[in-house]
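This report refers to the structure that appears directly beneath it.
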Amino acid sequence: MKLTKFIDRALLVLTWLFAGLTIAVLAYIIFHIVINGVPHLRLSLFEIRHTSANVSMLPSIVSTLFMVILTLIFAVPLGIFTSIFLVEYMKKGSRFVNVVRSAAELLSGIPSIVYGLFGLLFFVEFLGLGLSLLSGSLTLSIMILPLVIRTTEEALKSVPDGYREGSFALGAGKLRTIFVIILPSAIPGIFAGVILAVGRIIGESAALIFTAGTFAQIPDNILQSVRTLAVHMWVLSGEGHHINEAYATAVALLAVIFLINALSTLAAKKIFSIA
Amino acid sequence: MRNVKDRLRAWDFKEILAVWVFRICACGSIAAIALICLFLFLGGGPAIIEIGLTNFLFGRSWAPLNIPAEFGVLPMIAGSVYITVGAVIIGVPIGIFTAVFLAFMCPKKLHKLLKPIINLLAGIPSVVYGFFGMRAIVPVIRNISLALTDGGSGASILSASVLLGIMILPTIIAISESSIRAISKEYYEGALALGASHVRSVFFVVVPAAKSGILASVVLGIGRAVGETMAVVMVAGNQAMIPIFPEGIFRGGRSLTANIVLEMAYATDLHRDALIATAIVLFCFIFLINIIFTFLVRKDKN
Amino acid sequence: MLKCKFDVKGLDLYYSDFQALKKVDLEMSENEIMAFIGPSGCGKSTFLRTLNRMNDIVEGCRIEGKILLDGKDIYAKNVDVNQLRKRVGMVFQKPNPFPQSVYDNIAYGPITHGIRKKTDLDEIVEKALKDAAIWEEVKDRLRKSALGLSGGQQQRLCIARALAVEPEILLMDEPTSALDPVSTGTIEDLMVELREKYTIIIVTHNMQQATRISDKTAFFLMGEVIEYGKTIDIFSNPKHKRTENYITGRFG
């Protein structure tokens, strides 16, 4: 009797302890970065041109923005169209749906360094796009594709069938029903997925080093090598004498991720308020 | 009348065209997988044949610049396995207990606060984790290592395991929590009705019932850990040696992912192809993990 | 003699292996309200949905027999389903306004069928809303979301939406089953008015409703039409024992 009581007590303590530990670790990571980084957020870190003296992160911020936009341009329509085909045109549990879904699942498990290597072999060398914004964004768009597909599929499935029936019953075709009635209702869900994807693009480094390179200036065109913020941070942390600047860059990255999380929570809330 | 007919035909054409556009897009992910496999195997396959499959997989020495060069990936396989096992030992208990906490013991208000925080943990870029590990974990491990063994720089398998243990937490917590919550309340209430305490009902009835979902979260966490690159490179030391247990965990090790990222920039010829072959090994690991995961999820659904 | 709109001949319908309709023969005439009654699962809704081919969407649904609309088979190969659905409008059991403004809900159908001019659309919207007896309630909030309306208003909005494409026939699938008695009364009055211009076919499991509004009634049971004819005859003098049992409340 005493033993079982002891086990109960121990499990309870462990639960609180480990949950507390999780929170403490996260709090410490953020605290550590902020405390060491914020004092070094100098104005010179935000100069238009990067030099080895100022190690400005502004060109990298701009490059990251370009990378995000270009990647989304490739991946979002592809992902949405894929989901439309799977949800609106194919029968549930059809063979094709299962094959596409398994492919997407496998894609989502592939490590980013393998994407980087593939991007190097295919986009950079085979297609001759070179180390560039374009190669990097094409590589990343394959990487985020499964995420876009999955969230869009969920969003489309959550649109009530009554909308589809209502539209068909008025004599509207499938295409009009999808683009005028279904997609607008699914937008908050799709948006939440896109935000998550943006987070992944911003945080990615392994897939970009060998596809977009590390050139630290604002690009003039999409065939130029760029260095996104995460890659910038990787380069800085490898150089022993730029530790403070690396901390400052980490603060910038954390701030962006924080913002993105807040946005996706907001989008998720909107989905629930509709349903 | 003719007008109406023409309009209809044009309309049908639009519908048919759209179906084809959607269908081709849907084949995109299949094409992507096919291309990735094709280029990896075309790039790395010849190297495996040239080096010899056994020499490649079980060779204990990776020395691409030696004459003759040696390309054995066993040290990297061992490195990945060691680091991942360590991460699982550290991350899994913490993650599962935290998931139980979130599902059963956490006041609602606290849950509302914690959930976004854990999502944030999932969103932090790996370079930031790596940098944190380099600055905050490695020095601590160095001190421990100096106290327990006769040296060590701190950049070690243990550091990588601790860091990855933290990094896989969000994955494990999120999936475990949702599979615990999916277990019907009746299990819990039934156990309570039989006189079991709250804690007992949770740990001996609900958690075992959710075991395949929890296992799936662990498998997914393993996938994350095996595939992680930048964070590992920044804290693991990266020596291509097979670690010897136990003091080996205080020494440097190199994962499969690290091998690629460290040498790809300057590798040429067979060396380069051997790195691509390393990615094939990595891909096979991930494929295996994916199969196990799918199997577990399917079991969970049944 | 009223003109025959729908002429159904020997209709069989299968969902995969399950036969949901068995040899249905029915005629439905212009400017009449026809009611389908019967216990749930008897096939009356399924039958209604064959009349505008909404069953086309359902997986594994297969049809044998003929449905003639003004003498032409609606399941013939060259039939444009969208044009058919424009002629045969439908109102569903659960009000299903689109998550758009009141105006956009009504204008959706006309725009679908090629009307683009703003003034034309304004006119159609106003007329449809007036015909559905909801204009007074929504005229000041045309630009606001239709989801903010009450259940009864939403259903009348859906009727207006169906009327806006100027159908010849209106199919109504238990249109008042999700509504309160007051809204039900409003919609029943509306249907009687609409009979002047349209052919109305309604599925209901409320027998009082059938007697109140319909001219003809068909009684469905297990996928078959057991009996059909003038509503007065069916309810006062049923020919079949099973019809009598049902309308007197012995089962169902």
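Chains: A, B and C, in written order; residue numbering restarts at 1 for each.
To be clear about the criterion, a contact is a pair of C-beta atoms (placed from the backbone, for glycine too) under 8 Å apart; a residue touches a chain by one contact, two chains touch by 3 or more.
Keep in mind that this is a model prediction, so the values were computed, not measured.
J.: What chain lies closest to the overall centre, CA atoms only?
T.: Centre-most chain by C-alpha means: A.
J.: Could you find the chain whose CA centre sits the greatest distance from that of chain A?
T.: In terms of C-alpha centroids, the chain at the greatest distance from chain A is C.
J.: Indicate the whole-number Å distance between the mean C-alpha point of chain A and the mean C-alpha point of chain C.
T.: 47
J.: Rounded to a whole Å, what is the gap between the Cα centroids of chain B and chain C?
T.: 55
J.: Could you put a whole-Å number on the gap between the CA centroids of chain A and chain B?
T.: About 16 Å separates the centre of chain A from that of chain B.
J.: Hunt down the residues of chain C that sit against at least two other chains at once, touch-wise.
T.: Each of 83 in chain C touches at least two other chains.
J.: Where in chain B do residues touch at least two different other chains?
T.: Not one residue in chain B touches at least two other chains.
J.: Tell me, which residues of chain A touch at least two other chains?
T.: 173
J.: Taking the complex as given, what residues does chain A use to touch chain B?
T.: Going through chain A, the ones touching chain B are 4, 8, 11-12, 14-19, 21-23, 25-26, 28-29, 32-33, 36, 77-78, 81-82, 84-86, 89, 96, 99-100, 102-107, 109-118, 120-122, 126, 142, 145-146, 149, 173-175, 199, 202-206, 209-210, 230-231, 233-234, 237, 243, 246-247, 250, 253-254, 257-258, 260-262, 264-265.
J.: Provide the residue numbers of chain A that touch chain C in the complex, in ascending order.
T.: 91-92, 160, 162-173, 176, 180-181, 184-185, 274
J.: For a test of understanding, state which residues of chain B touch chain A in their complex under the given definition.
T.: Touching chain A: residues 11, 14-15, 18-19, 21-23, 25-30, 32-33, 35-36, 39-40, 43, 93-95, 97-98, 100-102, 105-106, 114, 116-121, 123-132, 134-136, 166, 169, 173, 197, 199-200, 203, 223, 226-230, 234, 257, 260-261, 264-265, 275-276, 279, 282-283, 286-287, 289-290, 293-294 of chain B.
J.: What residues on chain C touch chain A, complex-wise?
T.: 52, 54, 57, 59, 82-86, 89-90, 92, 94, 96-100, 108-109, 112-113, 158, 161-162, 165
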